[in-house]
Amino acid sequence: MELALSTRNLNRRFGSLVVAQDIALELPQGVRYALIGPNGAGKTTLMNLMTGMLAPDSGQIFLAGEDITSLRADTRVRKGLARTFQINALFPRLSPLEAVTLAVLEREGHAHNWWRGLPRFAGPIDEAHAILQSLKIPPTRETRELPYGQQRLLEIALALATRPRVLLLDEPAAGVPKDESAVLFDAIANLSRELTILFIEHDMDVVFRFASRIIVMVGGRILVQGPPDEIARDERVREVYLGKAHA
Amino acid sequence: MKKLVVAAALAAAFGSAHAQQAVKIGMPLTLSGQFADAANQMLNGARTYMKMHGDTVAGRKIELITKDVGGPAPDVAKRLSQELVVRDNVDILAGYVLTPNAMAGGDVSAEAKKFMVVMNAATSVVITKSPYMIRTSVTLPQVMETFGTWAATKGAIKQSYTMVTDYGPGHDSENAFQTAFKAAGGTIVGSVRFPVANPDFSAFVQRAKDLGPESIFIFIPGGAQPAALGKAFAERGIDKKKTRVLGSGETTAEAALKSMGDTALDIITAWHYDYMSSNPLNQKFVKEYQAVSNGRNPDFFSIGGYDGMHAIYETLKKTNGKTDAEAMIAAAKGLKWESPRGPMMIDPDTRDVVQNVYIRRVQKVNNELVNVVFDTIPMVKDPAGERRKKK
Amino acid sequence: MASASSIASTHFHAKVRWHPLEIVFWLCTLLPFVLTPSYLSLASQIAITALFALSLDLILGYAGIVSLGHAAFFGVGAYTAGLLAKHYWSEPLSGLVIAAVAAGVVGYALSHIVVRFRHLALIMLTMGFGLLLHEAANSASALTGGADGLQGFRVPAVLSFKFDMFGRSAYAYSLAVLFLCFLAARRIIHSPFGLALRGIRENALRMPAIGAPSRAHLRKAYTIAAVMAGIAGALLTHTTSTVSLETLSFGRSADVLVILILGGAGRLYGGIIGAVIYMVARDQFSGINPQYWYFWIGLLLVMVVMFLPNGILGGISALYKKSK
Amino acid sequence: MLSSAVGVLFDGFAYGMLLFLLSVGLSVTLGMMNFVNLAHCSFAMVGGYATFHLMTRLGWPFLATLPMAFLAGALISIVLERTLYRHLYRASDLDQCLLTIGIVFISVAAYAWFYTTEQQSIRVPDWLQGAQHVGGMTFANYRMFLVVVGLAITALLILFLEKTRFGARIRAAVDNQRMARGLGIDVDRAFMFTFALGGGLAGLGGALSIQVVGLDPTFALAYLVYVLIVVAVGGLGSIGGSFAAAVVLGISDMAGKYYFPWLGAFLIYLVMVALLMWRPAGLFGKR
């Protein structure tokens, strides 16, 4: 089975603080992975390393078998590795339609065109409009005027617009009230099957409902990874979450 | 038929009225920005002349219209000169503190055929920009070449180290002084240029002091520089026995002397005007000038303005009020008069200023520092202008 | 499905279509020929400054790059046009093209450094390059004429329209070039590249995450802005037949920044409105009071900031929205 | 040759002290409070003209006018902060630029109106005139005075900000407005005081610089460039950074003029560009 994304002994430290130590991951095509662990375990840092926002001290990252360790962040996106952000990183005064269209234009390499008017790019506009409709996001109001839940969906829409092979979701439902997050995860669930997804999540019943495999990370290291039922029974995981005294 | 008579009568009335109509003098000056003080001194010089000689000449009232160029901006100077001609329909253009602005004004004077009087801009080539232009201030070669020749001959100085401000007039003075000094047998041991922006001279004065050449020649513009140079000299002091200090008139201007104190003694300068000169005409001018400018002493910008107005008045008298440029320039050529600075003439061929160049030394006269004149080179023509004639 | 794409394209069409107010504005720019024939040389210099402010708006208003050294490209354009007229030929239209290329080359070269920095470091670097270029022009006085300005050249006319004292052909020439550059700027703003620039301004960190090569976009924007500034510089040389160090000065860079903020950055028309108001106010104030007009211009700036935040256009559009 | 090297270093350091006094206030307001106050040099001019006025019109001795120059600078900055700046703390930095450039224009015109455009200078007391000649080296008295005052002010400033409770409160308020308000710190008063302190130091710097570079109404514009260079190179919000940058730029300017004068004004700009490209956040920049 073709590996969508893998890393080989990835290391990174900030002075004495170890944020990633010999991380070796193998994400096969189309599998839904949850990445869990206590705060400060290095989950977001791992995502930053994989997406090129942060350079590793050593180790390699492969996307569909190709070594992308030295590639710039935007080149990795064009090769199919997209992400969302824990804290919204959107375009306040652009409308969702403009933002998602921009992502599509970048993907198609039209963004450098400085002479033809935007309305002439019907293809990308329609594709963007379709993505927004699929996630039920109103297309034309300015992003800063959207309710928080819809802004979280827009994060995902922007990532989808780059037609990724691997989608990294950094706490997609962070700050979204319980009922709305269910809608959010349903939208994630019925994304296309060949899309490999790795999402960071703290809410255990969401994790166990959506993830087909779980990776547990502590202190910059991968403690254990496996199917949900195995992880549920694993002693070390309970210890990490419930602390030694209760074990 | 009736219409014709009415038109003729109107024209006649208009024609004669013409004689009574005011003579408008348009003056684009740098009244704001770094050279605002120079413009104010020049304007006060012109106003002093009008106060002393009345404001009507050959039956016509004289009216000054000032515009602010704001600094060395020839595009603005040209536009303002054009507007003065087109909108305010001035008869004469005058003023022009800075060379780039005078060059731009010259183009308008030539195109619009307007008599023009440059009251300061000192770069020699300015005068060639319009056939209707005269200059009543000074040209750099006129003073600096004369000074270079004097230094190597009468001044008995063998070597000199030149220090000038790094901009147009500075470069012209450096090369004028150096060529004349070398031609008269002197040798230049080195030269340095001060940046225009940052008027802190201590490093340069220190360097000159350490080199200890037989003499140093300094050129700096008016405004902020003389005082700052004076302070650097006061701080560092120059060993007068080893090094003789030569400079353009600005080096020992009023502000420089005030901040230099006794270190200024024995500094030798060449210039065409000093407000302390004992010439009676000058004493009267200084008194009147102080009244007009609430107590300020005149400097070479002021005398440029004063003599500029004199040239305009005399020319209008000779053309009895007619202001067309051909008549005025013809009347102005060869004009000779006694100015507070000394005898002056407008060169009939080059239309440039011809005047005495005074060699002065700073001495204490009833314990006040004064530039005392101890040698005069009479009626010096602008050498660069003469060379242009031969070409 | 037609309805889906129709909503989408109308969204973009609405933005691109010419608003009647714009057409009225450009017709008004022809009024000076009739109403104020004796102010045409001022009008020509306003048009040139408006073009210069428009070029700054491309990088400041649309890409978020604050530059305090934009006069560098204005000066390069001005000197290129002047030197061309002095040593080769004085036909202005070809002069414009060559000046634009020269400024573009300098802009492209500097853009490689400028795009790597942000915030105060970026502002100070642009200022530093501007000051260095100004010093270079001053010390290369053999070539540039230094502080006395470039001498010995004249640009008599454009297409047989003589440049004269009344400034008629000067204003026509400047206005025509301003309008053409404005059309180009308008196309750029409404193109995919324009959208990418707005993306960078809104959130520079997010752009790489949607696969956008931000630095390449910024380099291109900086070069286009340099070209347009160079054209403005060349226009000044042609219409006044003067070139001086002032075209490279920090004062001119600061003035154009003030003009753009006054008008309102990021609105295409901000630079033009700012130039008209700033230069007419300066001309009138300095006419009334040649020595102290700075006071009134200062007061005008303070008033605009206190009562019309985000510049005149920003303030008016805010009032307009509030009233709706 | 060594003697002149020491001389240049000393002069450069003295000139650096001047630049430091003029720019430390801006580094604090621009760095910590994120307020683009381009009118900072107008505060310096206010101090300079206060000293000039007291000395020449009212006959005060030079040293007595220095505290008054500090007060004048502090007062004008409080007035401006309370009336205008307060409304623009959350405005865009471009609007802050426009407001403060407007104030610079007003100050230039106002001082030209009251004190004419004449280049002013003052008579410092005799013991500050002239120079000491020690083994072939020249140390100008006034420059020694500048060094002493500069070091004293730096020590006082660091002592005050680092050691006193009030200083700590200012740093807290300026560093994180919301948190400071949470702790019950009166942030408005802290901001006002920070501006006053910065303005006062600039006023003192303006007064001290008359003897070196003179004073005229365009001072506010002429020195804005140098102050911005010191703040950018030193690093935002860091007093130590401003000190280091002022000294480095002062010495390199002085050495440039002495050893390679043909470089002239290029040098200080080249040094700035090089330092900024090496350390964009400034030598000790926090952000």
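The first chain written gets the first letter, and so on, giving A, B, C and D; residue counts start at 1 in each chain.
The rule we apply is simple: a residue touches a chain if its C-beta (ideal position, glycine included) is under 8 Å from a C-beta of that chain, and two chains touch if they have at least 3 such contacts.
Keep in mind that this is a model prediction, so the values were computed, not measured.
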Remaining chains grouped by touching, chain C not included: A | B, D
| item | value |
| --- | --- |
| Centroid-based (C-alpha) most distant chain relative to chain A | B |
| Distance from the mean Cα position of chain D to that of chain A, given in whole angstrom | 49 |
| Inter-chain centre distance, chain C versus chain D - centres from mean C-alpha coordinates, in Å | 33 |
| Centroid spacing, where centroids are CA-atom means, of chain B and chain D in whole angstrom | 37 |
| Distance between chain centroids, defined by C-alpha means - chain A, chain C (Å) | 42 |
| Residues of chain C touching at least two other chains | 135, 139, 291-294 |
| Sites on chain D at which at least two other chains make contact | 112, 117, 264-265 |
| Residue numbers of chain B (touch at least two other chains) | 32, 36, 40, 166, 195-196 |
| Chains touching one another, given as label pairs in label order | A-C, B-C, B-D, C-D |
| Interface residues, chain D side, partner chain B - complex | 4, 7-8, 11, 15, 112, 116-119, 121, 129-131, 138, 140, 142-143, 211-214, 216-218, 222, 253-255, 257-258, 261-262, 264-265, 268 |
| Residues of chain C touching chain A in the complex | 4-5, 7-9, 11-13, 15-16, 187-188, 190-196, 198-199, 202-203, 205-214, 216-217, 220, 224 |
| In the complex with chain C, residue positions of chain D that touch it | 30, 84, 87-88, 91-95, 97-99, 101-110, 112-113, 117, 225, 228-229, 231-233, 236, 264-266, 269-270, 272-273, 276-277, 280-282, 287 |
| Contact footprint of chain D on chain C as seen in their complex | 60, 66, 113, 117-121, 123-125, 127-129, 131-132, 135-136, 139, 250, 254, 257-258, 261-262, 265, 291-295, 297-302, 304-306, 309-311 |
| List of chain C residues in touch with chain B within their complex | 38-39, 41-42, 45, 135, 138-139, 141, 145-149, 151, 164-167, 236, 240-246, 251, 286-287, 290-294 |
